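Handing you a structure now.
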């Protein structure tokens, strides 16, 4: 509780004492944006943690071995993530629903356990120390990035591209009848999502001093997923709210000490059951329940009828 | 190498036993029950606490534990799944609610230490324990340089028998038919007078009971019982297994289990250990991309 | 007038079924071309072939040198990116992806509404403009007035399109598509298709499930569009509509083209009448257009023949799916031992009525009692155990289970396994086709065999009342005969039957009494014989 | 009756422990801090995977605080300890640390529990110039090079937990001097920092004792059945199997290896040192040796007192982490005692405390304790051996020159 008390009575003190928390919230918000982009185009992909890893490791390795300035490192990291996103997308985006989700999970774990843990340059199990880390300095680029990215993605959803995504999400067949090249636009969404995730990964190394494989497991992706689902995915604000809420939650429920996770779990269930459309948003989970699904449900209403 | 094949077959049967429950729920309800791994863990934990903390002999303890897990399955259905079905929420939200339950189950055990709220259930917090030696006799035979363990042999038999039984039930009994009917077409099933909700509940019960059994056998044979055995050791691999076998297919899950066991061991022996962990997921990835219906699956049904 | 679209010997079969069998059609520039035929005739498949959703196994689909698209007032947006193919020689459409076909200026609507339900009406239309707008995505990220102006123009144009199909943009523009009324949703889908600025518009059952008033508006709209120089390909069941607006009609049946020509000739074509009214139709075909003056008394007396103590009693039943009210207050009854038929055109709401009786759908309001049981609240399994069994439309047999397993599940509710077993054996003798195939996956049965399986499965639940939904749907004539023989047989064995059929004359033949359903209401009722002679019935099917 | 006995026991214990603690700082017992409070903060993993260690550390610390405050405090000042859980999560660990530091009253921090949290938290403390004392982290790059790969040593980072860099080599040295093994196989979890650090150390050490490393078997800590890696190792027929891993894994490996007929020796690091592991390994673990920071059966006063007091308070045996936590508080208390704190200028006090810590030299449950010039542990190393039923026996104690 005193968490809130301080937040309102002494915001400055609150900021000073929680810079890192705020920074983390920022990172998670960016990740939420990244998963939002794929959701918005009706795809349930869970590869974000993998792209984070790529962004993070690239940044750190470059600042370890190359004289390039940090911003360049981070840029390269993000771009590399996007590039790999494209390559992964080629085979994977043909899949739908749960299958797409699981395939991307497979990618994340294969990357972490199969690749990162076996490349000497990634420091294998020990991970890598980021020489140019600066936690309190690192918060600045984050606090700048969040609003910019939010704004861009929010605009994006209102452009030709965004409307095409929405159309695909709602009904792929109808979309193609409107002349929308469905596979192409799905890929664009996937790559943008990868780019953003990679950028988030790069930013995070900046406040965390250190990258190690355990950071980029499925657990992380699932966490990002919960941001989106709990926050609601009808517009870009939803996932961000989810990220803020769930990142601050451990602090908020700190007084439950040992049983924090129990409280976390209960809250998760309550939100999903009593507000399936997420904290924010009107269309409900419709974004990840494309039309063919809802139609199928109504056909199946029998199952839930009594 | 022969020894390694034996190892593969054994761990394969654990995977299979775990994955069967996993895939059963997916097949019938169309949701991934991510609390399954937590039930797996509780299967081991409950048995342990009955044996080690309440001095009960192993067999009755195991039976009780399995029933408890079955009931947990019902809990999952009523708390995490049914309310969402009522709202026609998409399975993705069921994914989240089951994650929530898993979180709770694990946290409860993890935080249970002597003198705490749940000390009657568990007292070793995040630690890993084993059944007191001699809980079940475990003769170990050394044949032709091979090590064959009593418990592991037993578990192999148990899993094979159980899967045959399950296969029989699914194929030749009215309930089994009803399950398959619901899985294929809920509407048709309803029109036949099948109470779909009851089928769902019993599916969760059976699935979780199997998961619990898999868990306690795991704890018994691998001398490892901790709050994390489900989450860390089998959850994702179970996912890989049911994908390999074709999601929703029970024989697929069984074959997939053994296949994954073999793949891992082979990768381990052939390419060195550090590849092994990644292999399961590389396989999963490839199978989905190249053959989404799974290696043994017949036809892919659009899901989620 | 030059041909715009030319299909030559197009073939497409699924499994063994020839969905489209060697069809050749030519659609003229600027015409309204009608494509009709009973359910399962392959109309929609043909549309999917043209629009690239399905690939033909053989044959060619050519788009013949059309003029550049009619540029609409208020829109100065450039022609589609994929537009090159439009002007110049013929373009082969077969094996092009749907979005490319759309790029050729061919727009379509869908039989089952496919709107972007969670988007607003205007957003739907904007998405439809996709091909017509320059990709200014990056500019839009920096919303300086200059760029926004173009965006505003687009919105303006979207509003015009809504207005054009008769949707008030101020009233509906910002409403979620899913919240619009059924008719408005249909209209919106047309507006979305128009946004492509096509020169061929394919409308797949635009009037299905609409009430007469709405249908008239659809007709007016189609004619309006056509006058604006748009070529229209219209698929519909409603003969009144098709006969009314089309200049040229092709009739499909079982994937083959059985007739082709102006409405007048087609409606007289015996093959067509057979296809629509069932194989027995020829006999009656003589006095089709109401040659015998039907006396109103006949029907009214028939109406008075309502059962006094019905086994099934339905009063003022209303059912709706979201915005769409499918059943608008229906009352009827079924007495023990009767065969009662609900007939009417596709989409009239017949199946919806049955579904709300078997508990699969929950009625909006009204009374439905089966003996003591209140069907509006009882859970489906309860309803079944009380002996009200539905054999659903499209059979819904369990394809992956064997024939035998399907039958065994039919006996689900029964406690006495042995007697159930005897019945199963009995049925497999009674219907040898099932006996011989007992261990095959039911999915491998032919349509007719599946229908018989579905009925047999229903019988195993020991029904007091059997609901048969479209038993002849998509079956070949001889198979239809078999199925109806089966129905007669089980009725003679003492089963009460409520039959829903679009094959009206066949249904009326065996029905004691019947009700004609149109757009969710009961239009006529009477004895099967009386209704068969009633010209109204003919009109309901073949239009006037 | 029994309660009385117990009461006496506690009193006795506290007295013993007290004089154990006091004996170091001797005369300086001015009450200049009267009425003040020395505020300390601890970042521990109470929940999550680190929950195996965090709670023990916490119990040890609480016991020490209780004991010191109960016997007049530090020059009259009370110690207050604010413990926060980091849920075994690196990010949360850093956040909590920052919050604690910025609240601005704490003089020193303890923790965090896990190595990969430490690499995030320590540089933070360093940059804020607040002394931080690691109580359970044993990996490399903790002290002094917390800024690694930068070379400038950290000035504010200390640890009282014996590093694997010291423990493992000592352990190997002692064993090979006694038994002269020829060959060994290393089994190491490759997906957590602690374990793979340990692995590197083993690989760098064995050479100097003429042990030939036949193979390094890596595995993931998510491996379900260790039969496979163990088979690989056993088939090499080594004299020694080195195990560097955490939690239940070392025990699982020992059990499996014995089943497969391995008769050789197990050597390892801190992964072996808790009674829980010994208990889980059972007779399979009998004889497994490791270099430990602490040995429960040590009879010297400062340990006996600690063990007795701990048993009395928690009615359970302490483990190494409890002992190190307990020692940490003694160390800080002693430093504070000599630091002439002002209690007005926090930054100044933090630096004073830091300076005082460098010259700590007291008796703790770990034995006589000092810091090396680069703030690492300087204490006796107890090479211990699992006794096959959940306990340990002392093999040899090695006191650094």
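Going in written order, the chains are labelled A, B, C and D, and every chain counts its residues from 1.
Methods note: a contact is a pair of C-beta atoms (placed from the backbone, for glycine too) under 8 Å apart; a residue touches a chain by one contact, two chains touch by 3 or more.
In this text, all values refer to a predicted model and were calculated from it rather than measured experimentally.
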Leading chain pair when contacts are tallied as C-beta pairs: A-B
Relative to chain C, chain with the most remote C-alpha centre: D
Chain A and chain D, separation of their C-alpha mean positions in angstrom: 37
Intercentroid distance (Cα basis), chain B paired with chain A, Å: 29
Between chain C and chain B, distance of the C-alpha-averaged centres to the nearest whole Å: 45
Residues of chain D touching at least two other chains: 47, 190-191, 220
Touching two or more other chains - residue numbers and ranges from chain A: 113, 117, 124, 258, 260-261, 294, 298, 301-302, 305-306
Chain B, residues touching no fewer than two other chains: 107, 110-111, 187, 190-191, 195, 236, 274, 277
Pairs of chains, among all present, that meet the touch criterion: A-B, A-C, A-D, B-C, B-D
Chain A - residues contacting chain C, complex: 152, 155-156, 158-164, 166-167, 170-171, 173-182, 234, 283, 286-287, 291, 294-295, 298, 301-302, 305-306
Chain B partner contacts - residues on chain D that touch it in the complex: 47-52, 55, 190-191, 217-229, 231-232, 235, 247-248, 251-252, 255, 259-261, 276, 279-280, 282-283, 316
Chain C - residues contacting chain B, complex: 358-360, 379-381, 383-385, 389-390, 392, 396-401, 405, 408-410, 412-413, 417, 457, 461
Complex contact set, residues of chain B against chain C: 174, 177-178, 180-181, 184-185, 187-195
Complex interface listing, chain B residues touching chain D: 3-4, 7-8, 10-11, 14-15, 107, 110-111, 113-114, 124-130, 133, 140, 142, 147, 149, 218, 222-224, 226, 228, 232-234, 236-237, 264-265, 268-269, 272-274, 276-277
